[in-house]
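Submitted below is the structure of interest, expressed as structure tokens.
The first chain written gets the first letter, and so on, giving A, B and C; residue counts start at 1 in each chain.
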Amino acid sequence: MRSLTRSLTVSPGLTIGLLMVMVWVVTAAFAPWVAPHEPTAMGVGPQTAAPSWGYWFGTDQYGRDILSRVIYGGRYVLAIAPASTLLGLILGTLIGLLAAYGRGWLDEVIMRLLDAIMAFPIVVLALLALTVLGSSTLNVILVIGLVFAPLIARTARSAALTEVRKEYVEAARLRGEGHWYVMVMEVAPNIRGPLMVEATIRLGYAVFTSATLGFLGLGVQPPAPDWGVMVSSSRSLLTTAPWAVLAPALAIAAVVIGFSLIADGLRDREQQ
Amino acid sequence: MTTPLLTFNALSIAFRRRGEWRTAVRDVSLSVQPGETVGLVGESGCGKSTLAMAGLGYLPDNARILAGEISLTGESLATMSPARLQQRRGDTIAAVYQNPATALNPALTIGRQISEIFEYQKGLTARAAMTAAKAMLEQVRIANPEQLLRAYPYQISGGMQQRVVIAMALAGEPDLLVLDEPTTALDASIQADVLALFDDLRRDLGVAMLLISHDLGVVRAVCDRAAVMYAGEIVETAPVSELFAQPKHPYTASLIDCIPTGHTHWSHERLASIPGYPPALGERGAGCAFAPRCPVARAACQQQPVALAWLNNSHASRCLFPEDTAAPGGNRPPATPGRPAGERVLESDDLVVGYKGVRVLDGVTLDVRAGETLALVGESGSGKSTLARALTGLTVPDAGSVRLDGTALPGAQRKRVQSTRRALQMVFQSPENTLNASHRIGPALGRAIRELGGLGYRAARALVPERLAQVALEADTANRRPAQLSGGQRQRVAIARAFAGDPKAVILDEPTSALDVSVQAAVLDLLIDLQQRRGTAYLFISHDLAVVRYIADRVAVLFLGRIMEVGPVERIFSGVRHPYTAELLAAIPDWAQDHPSTQAAPVMTGARDRPTGCPYASRCAYVMPQCANEPPPVREPAPGQQIHCHLPINELPGSLYE
Amino acid sequence: MLRYTLRRLGMLGVTLLVASVLIFLITAVLPGDIGRIILGPFAEESAVRALNESLGLNDPLVWRYFDWIAGVLQGDWGQSMSLNTPVLPLALERFSRSLALAALAVAMLLPLAIGAGVAAGRRPGGPLDRVLSVVGLGLGAMPEFVTGVLLIVVLGLGLDWFPVQATTPADGSVWAVIHGLMLPALCLVLLLFAYLFRMTRSGMLSALEADYTRTARLKGLPERLVLRRHVLRNALLPTVTVMGAQLGWLVGGLVVVESLFRYPGIGSLLHNAATNKDIPLLAGCTLLVTAVFSLANLAADLVYALLNPRVRDALAD
């Protein structure tokens, strides 16, 4: 805890990043109390009204309050991104550890399989899988988690490779510790640092990817106030009501920037 | 009097760390005259490299000169323009550093990296510059420079890389070379070779040198004058002969007494050790920095900073009571006789380990007895660590057997039983990696006691303070993490871990080679005490023959995976010996009186192209026609000594014992 | 180098094989009842069964895979269900258009991102570095559909510099083509700029701190030469390694950007196939894109090996 407070004061980027993300987390969590209107209720205001004291971010073509929609929209992004990253993190760490610790043919087979999965451009793979599986929030989480797993596995493997060569691992083998003990109790705690950094980077990309899928119509489905969906459905209003597009767009940017500031801060702390 | 090439005048340097300025170099005054070789010695972190980089005008961004001045041939660095500084680097002052592998650009050929100096400093054409580069390589005694010019750095050995770096340093014909630990990363015989090269350069080119080293032996062998640093200060400076004959600062005296001489066994002369640790950066008391550890400290020492005082016109000391400094050997505790060796504990029989079709170990037969230390020596790549791994089952041997107390063990670690693991343990080389960085010492040691001692969780944890005390660590070490311990402390924890189940045999793979000499002395002491109390058998792997002479009862010499010679330590060091052992001994810096006149660098033959007969044949100075094809017979010049060589006993190098 | 290339080609073969199996499994097995999907929920059960039979969907899995891959290798990539035309010619034609767009984007991207990275890494913490880093951070956080929308508003509609609908006039000059593709290409540049910039910058930082750079400076070489010969070359190596992977993002970006600018490339084709649940077309496009992406990765690796003698040697044997 002390080290956390210290790094917060030492690294302003980390602090700003955390604040930027926390704002969205808090408003999304307390959306029913914070948001002035129902997110999907039509005609709560005039159509395409410009931002004003009554409608801070204006309204869209159906007269829905954009502020409320953006606040509720945070719920999708902030549920999908952490859940899919967590899934990718767990899978990726296990695979990476197994490859690094197993070495030899096991490593080779795992890496070739991961290579094959990474041979797909991420969005294309997600597109393919969601088309086949059908788009639901759960499927979006699964698909993003699965396409991120190989990337995280690569990081986990390369961090673990330097660890398994260290002498404390041999010392553990010399006192007869089993494979699982060595992997989970000895090696895993030492790759926590790079994995945390990688996970934070992935969080940003997960926000990005889920918004993109929403925009393409393969993620969360309208009329849900997902940010990607909002940009997509209001883009024809660009010239008449640019706020309808800008509000969700800037929300995405803010969260992604927040996560990348956190990742940078964590990485700096790692390297000290 | 001539102008000194490099002068530090009352120089103090601080680093900014976590927002605080901490002084790393304090009040240093030192100069190097033309043609002179000055040594700078001290333990790690005392500020040697910082001083060297300051002399080159290349301090890192977070460093600041607090006071004092640096000048090159009378010209102050502080007022020099960048262009002028760039010109002086190369033509007045040049540098060689510890790690040649990273000092060379991995993406350019050697030729390119040397010739560019001639192109840009001397304005030569590309072709002329390349010719000059070739000449430069010849000057550093490289046999076939053409081939080397086209090579990339990673394609050549460490010794070669260091020669290339030296050639680059010499290319601008500098008057002064700054050498920061230039041989520390090299094997002993290559180190001797590079040191001999420095000697030649000094004689032929008259270039002055500032040689930085933690190794007093190297400084003694090469330098005219030496300065000893402690905690950022120069504590003593004197001509080398005077310094070693009668130091005038207690730190110097203790340091000298920590170093194994290479002449005696511990049962005849024990090493000194310095209690405590040097102060952390920027955390020293008001008085003499050495006071907390000084054997002759008095109340007066604590009160105010001590100044460097000249005792005569060439000898200065930063001590209030320089005359109280002990004579060499005066800090060494009395020696006690060792216990006799017992039964055979650990044996290997015709052990073979192959790697990618090459026999890294080629039929190694050894035995270690209870209470005895067998040292295993050999250059890097000879298979020392592979042998350790094969004995412990971390590597499964391809053939041959390992026996413990006369019982053959399964080859693989997995298949061995827990009582075997308890009885055969290992201590590793690197203090950085030997402990798990994310486990606190207490739980880590507790786990080892539990697994190896067969105890329950509580009983094991209860034993931790006692085990820490046995390796002279305080009980509160248990709550710390490895990052909060020094290298020596970590190595003590690793020793406690290996002794957790009262082992019969312990394999020590270079346990002290990464430690400073004073810490090394203390760790060796600890190992000797543990062995004397418990009768443990040690297989002690080392490339440092002076340490081997000090700790070993018997020595085995390994070359390209084969044992060349085994015998009692005093026989090998003073009797007749195998030609390869003779080469190793000649490489100890102050062992050979005069340097083996620059012999061609030993050709590093890999295990791949080993002759069918004697593996040493391609390098041996005594080689005979039958050597390459016929396996050498065993010669027994003395009981217990076996030499594998075709030479008859009376023609072997060394003198017959007594 | 030849042995390395061959080895790397072998690895590519394995990768593509596994990837093709994956595509097959996802498109042919995961959906379950294909006949039902094609005919919709209200079709007769018997009609579904007949369609499945005629499509060969009742054969064993391995058999179906080999059947499919044999067809693929002979140029029979199946029939698009929504457009009712063979997949391969269509995909190739669209792909060539995407290539033009991607080439324009990369041609603008490389000098920009690498130049900015070098300039920023040269003086870390300096004003230029700070400005560029903030710009990079901001751009890196904007999904391409956001930047695309902004570009349309500002450069397309506001200033009217470039057409909003990406077009390639059949008889136009090179400049006309570039002009037509400018907005989507810029959008791709903005998408990829941040990452490439950051890689180059951090490559610069570590090369500037490396021991060999210290050696070069202490040799007394002029700073310009130190930078050009010793720093730059090593600094760009990590950038080259990520270049291949970045092309993956580029393809992902194409899907969005082409849809946004209504450009008939492989990206919008993929998107349409997904929206229409046209599985054969989707599988074909994915296969094509994956193969090209893998080839690009291979090319990046080869360039890396060419620049880095050590890798070249180590991987040869």
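Here is the rule we go by: a residue touches a chain if its C-beta (ideal position, glycine included) is under 8 Å from a C-beta of that chain, and two chains touch if they have at least 3 such contacts.
Predicted, not measured: the structure shown is a model, and the values here were computed from it.
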Chain contact topology (line, ring, star, complete or other): complete
Most centrally placed chain - per-chain CA mean versus overall CA mean: B
Two chains sharing the most contacts, counting C-beta pairs only: A-C
Separation of subunit B from subunit C, taking each centre as the mean of its C-alpha atoms, in whole Å: 51
Cα-centroid distance, subunit A relative to subunit B, in whole angstrom: 49
Averaged-CA centre spacing for the pair subunit C and subunit A, given as whole angstrom: 21
Subunit A partner contacts - residues on subunit C that touch it in the complex: 11, 14-19, 22-23, 26-27, 30-31, 137-138, 140-146, 149-150, 152-153, 157, 245, 247-253, 255-256, 259-260, 270-271, 273-275, 277, 279, 282-283, 286, 289-290, 293-294, 297
Subunit A to subunit B touching residues, read off their complex: 166-168, 170-171, 173-177, 186, 189-190, 192
Complex contact set, residues of subunit B against subunit C: 56, 58, 82, 86-91, 94-95, 97, 99, 102-108, 116-117, 120-121, 152, 154-155, 165, 168, 171-172
In the complex, subunit B residues that touch subunit A: 392, 394, 413, 416, 418, 421, 425-426, 428-430, 433-439, 447-448, 451-452, 494, 497, 500
Of all residues in subunit A, those that touch subunit C in their complex: 112-113, 115-125, 127-133, 204, 208, 211-212, 215-218, 228, 231-232, 235, 238-239, 242, 245, 249, 252-254, 256-257, 260-261
